[in-house]
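Right after this note come the structures.
The following pair of complexes shares a single chain, subunit A, combined with subunit B in the former and subunit C in the latter.
After this line comes the complex of A and B, so read on.
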């Protein structure tokens, strides 16, 4: 087990990077504590797979250093870093039995047969594969095969870190719940550092203790799922996390008070604005917008039924405002106003939360 | 004027891929085929498109029997999960290709390509070739090509499955709008219940080669005809357990008794399977409820909601609620069950009570 430290990492796939866009990783430092579950979350092209490859040693960063437990491994080969990886598509040997597949990473490391047997049975029990250990892997369903891949990633007890690269992408939603829960449970049981790369917020937020949100080769915020939801420190995080994402509305600030299209709006932090220009916006999540007697006059543009709640799109002065209304709550017909929860409404300057 | 599947079946050797199916899709409608992988969604689409012939039954389009008409002679466009583009063509040429084949005038081609590429955020990429695009952009190119054609039938087979979820969210919002003022029939296959709900329109639940229910999406969700349809249309999975109703009590297993709520008179005494969606089983009291205690198996917090998997007399149940409600694995959780929101299914799995 190891604490992972990335210091001043920059990476470019080009020979002579010059412009900012030439860098896949612009500049990045990260301390991943021992035994925690981390998620790297961000849109395609944000640099998360590059990061994963840098940690696993498949890629040497253009600049910066990587430490495992204080030991510089920047130059170390992937094999010597002692990492287990689980990929998007199952990597298993079809002709082998489930047992032999799970045993492979151990036998490869010359673990004694009694130990192999013990570990394989432990992991098979956790993943509910115990009943099929003698079966050939070729006959299994996609999720069955991916379970084996997960098992192979988890079976060694001596790895520094276990890395998952979008491991549930190919799995049906019904089974995703099950595998995600399993993975979380396994993390609690074995307590090893895990890094999980995904573009799916649900996977990241449910799996990880801490989520690293990336965009355009940079870390935008590192936080617990609750922090990212309740206090996004950038409008990108507010937009990217949450479905639908945070409402981001243009505003002005005078005398420590924000006004959105002429209507005064209370927020947690408008008073902290120093009057130093910049693009000013208010951010409030659809969960924290409600219908009220007075407030911001709106018209309802669209109502989508999502089952347990409805996504209501309201509009004020041409600005769309999304809100989530639970299935039993009525939607008023006319003379409609909305208000934002003041303690969940924040001021952003050029995208960053004003502090 | 509609697309009709009349008594259609599809067998390959001894395997039944599609059991006898009747389905009528109206012109101008958006229809979602919702079901797990390998449930028969793609097989149904191939039959609709004419890519495949039914083993028995007929397919009618706009009042004409088209069972033997091959796909080339039908006005159909299709998008698959695995995107397919012409590698030597630019994005513009890829999107324009069906229009060129159809012999449209250049200004009309330009106009339609512009509209589709605007919707799919491809305008800056029109001059590039597919290998210079990300996976998401390639898939959007394939979708754009299917959209420009003005086909009578547009078949979208999990087209957003490989895309980033934020992009998926945007396209989910925009796709129905793109078809809103057209009279084509859209059929969209997905494994995700939320996607079906957000599209609105109609939904067919598909399971093991059968269309188990078809109707307006909201009706199918709120009044599932049977247990299978309810299961297909629930994520997280719908909670179920055998239950015995006697007078004003509902008894699960040996020890769990719930009040009958609105079902006291609505439901005859007897044995049923109760179904409750996860958001009607919550840590905080709601509606006309009762409480159950269950050992926590897994607790997931997503930042904005809590999902707790717990053991209820040997059945794994799931609770889903807004806000953060931390539970430790192994603890006994007390959960509020909104009995009035239950569904009751008989021994054949058919709905006997529940729903609005």
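After this line comes the complex of A and C, so read on.
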């Protein structure tokens, strides 16, 4: 087990990176506490798999250092870093039985056979693989195979960190939920540091204690799932997390008060704006927009029924505003106005929250 | 729902049936025809039943040709498969050298059989050939037109030169198709290079190796042109393999009946071995 610290990591796949776009990881520092569950969340191509490979030692960063429990491991091989990784597609040794698959990392490290046996049975029980230890691994279903690759990480009692690279991609939807809660349960039981890479917000938010949101090779925000939802640091986080994403509306600020297309709007942080220019936007989640008697005049463009609630797309002066309305609340017919919850509405300057 | 029956669809199958008939069934049946009859000049045929088959199967000459053939094919497989695999494993996976290596490896495969034979014939000549003179200069008694061992050595070397590339290219294609995470997982699991080969590469190469062995088995069992050009089956009959013996029987002695029976036995041996080998290799996959 170990706390992980990344300091000033930059990485480029090109030999001589020059332009900002040449960097897969632009500049990044991260502290992950011992025994915590982190998720790296971001769209495809944001550099999260690169990050993972840098932590596991499969890639050497162009610049920067990695510490495990204060020890510099930047130059260390994956084997000596003592990590485990579960890949997107299940990696198993086809010709071996489930038992031999799980025993493989131990046998490579010359662990005595009685210990191997004890450890493999322990892990197999934990992963519900005990009944199939004698089977050939190639005959298992995708979720069974993925459990084996996880098990190969768990058998070593001294593993520093277990990393997951979108491990549920090939799993059937109805098993995804099951495997995900299994992972969460395992994390509580064994308390290892875990890092989980995904582009699926549900996976990230349900698995992790803390979520690292990445975009274009940079960390945009690190926070608990609640923080990311309630207090997005950047319009990207607001938009990427939540379904539908946060409304981002252009605005202007005068005398510490924001105006959206001429209508004054209360927000938590407009007063903090120092009048130093930049692109100004208001962010408010669809959950915190409601119909009111007065406020921003809108017309309803379309209504999507999503079960317990409806997603209403309204429009004011050509700007779409999404809102969530629970199914028992009526949608007024004409003279419609909406307003935003003031304590959930935030001002963003060039994408970043004004502080 | 009722299926409509339309016999006109058979017309679509006719071209294939005609093609297969002309290139496989009719020639084969002609051979079957010869194998059960005795033929005389003026197109006279007499029924002879299984006599030619019995005669061929009892003949000392057939036995020794079959033995030579099996030894040759065995040697070819033992040398070419591991060598081809080893070359494929040591070829680069990325970079500019990949295409250089691929072209170099593919080169022998592009040369026609008789040209390969002629090249090696000249190269192995003891008086002017590079190989022949070199061997003699090194102190070996090397003359492939007189010494059976020298003749075998030359033919084996020629075949290894000509066909190892096939095994290499097939294995290489198999190797590059193994996804990176397998190697990464092995690294993380602390696997040594031997374990990577034994538990990742070899299992993933199973299909291509099966195909490579089958192709090399069938091809080397049927070898004819190169050997005829280099040694003509000699010295004596030391390199008279089944195909050469067959041609001698059929066209040299004009014994069409025994030659036809021999062809069929020859064909059945190849078919049986290929089937057995394939079934054994694939028996685990069916489960």
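As a convention for this text, the second predicted complex is superposed on the first by the 353 of 355 C-alpha atoms of A that agree within 3 Å, B and C clash if a C-alpha of one lies under 4 Å from a C-alpha of the other, contacts with A are read in each partner's own complex, and residues count from 1 in each chain.
By definition in this document, a contact is a pair of C-beta atoms (placed from the backbone, for glycine too) under 8 Å apart; a residue touches a chain by one contact, two chains touch by 3 or more.
Keep in mind the model is a prediction, meaning the values are calculated, not measured.
*Asks:* In the superposed arrangement, does A:149 touch subunit B (first), subunit C (second), both or neither?
*Replies:* The answer is second: A:149 touches subunit C but not subunit B.
*Asks:* Once chain A of both complexes is superposed, is A:77 in touch with subunit B (first), subunit C (second), both, or neither?
*Replies:* After superposing on A, A:77 lies in contact with subunit C but is clear of subunit B.
*Asks:* Please indicate which partner A:96 is in contact with in the superposed arrangement: first for subunit B, second for subunit C, both, or neither.
*Replies:* second
*Asks:* Contact-wise, after the overlay, does A:139 reach subunit B, subunit C, both or neither (first, second, both, neither)?
*Replies:* A:139 contacts subunit C only, not subunit B.
*Asks:* Between subunit B (first) and subunit C (second), which, if any, makes contact with A:320: first, second, both or neither?
*Replies:* Touch status of A:320: no partner.
*Asks:* In the overlay, answer first, second, both or neither for which of subunit B and subunit C A:87 touches.
*Replies:* In the superposed model, A:87 contacts subunit C only, not subunit B.
*Asks:* Scan A:199 for contacts with subunit B and subunit C and give back first, second, both or neither.
*Replies:* After superposition on chain A, A:199 lies in contact with subunit B alone.
*Asks:* If you count the residues of subunit A that each partner touches, which comes out higher, subunit B or subunit C?
*Replies:* With both complexes superposed on chain A, more residues of subunit A are touched by B.
*Asks:* If you stack the two complexes on chain A, which partner ends up touching A:256: first (subunit B), second (subunit C), both, or neither?
*Replies:* It touches nothing on subunit B or subunit C.
*Asks:* For the complex, give me every residue of subunit A touching subunit B.
*Replies:* Touching subunit B: residues 43-45, 142, 172-174, 177, 180-181, 184-185, 188, 199-202, 205-206, 224-226, 228-230, 239-245, 285, 287, 304-308, 311, 326, 328 of subunit A.
*Asks:* State the interface residues of subunit B toward subunit A in the complex, per the touch definition above.
*Replies:* Subunit B reaches subunit A through residues 36-37, 134-136, 164-167, 169, 191-194, 197-198, 200, 217-218, 221, 235-237, 277, 279, 287, 297-298, 300-304, 307, 309, 318, 320, 322, 324, 329.
*Asks:* In the complex, go through subunit A and note every residue touching subunit C.
*Replies:* Within the complex, subunit A contacts subunit C at residues 56, 58, 77-79, 83-85, 87-89, 91, 93-96, 104-105, 108-109, 139, 149, 152-153.
*Asks:* Once bound in the complex, which stretches of subunit C touch subunit A?
*Replies:* Listed in rising order, the residues of subunit C that touch subunit A are 179, 181-182, 184-185, 187-192, 195, 199-200, 203-204, 287.
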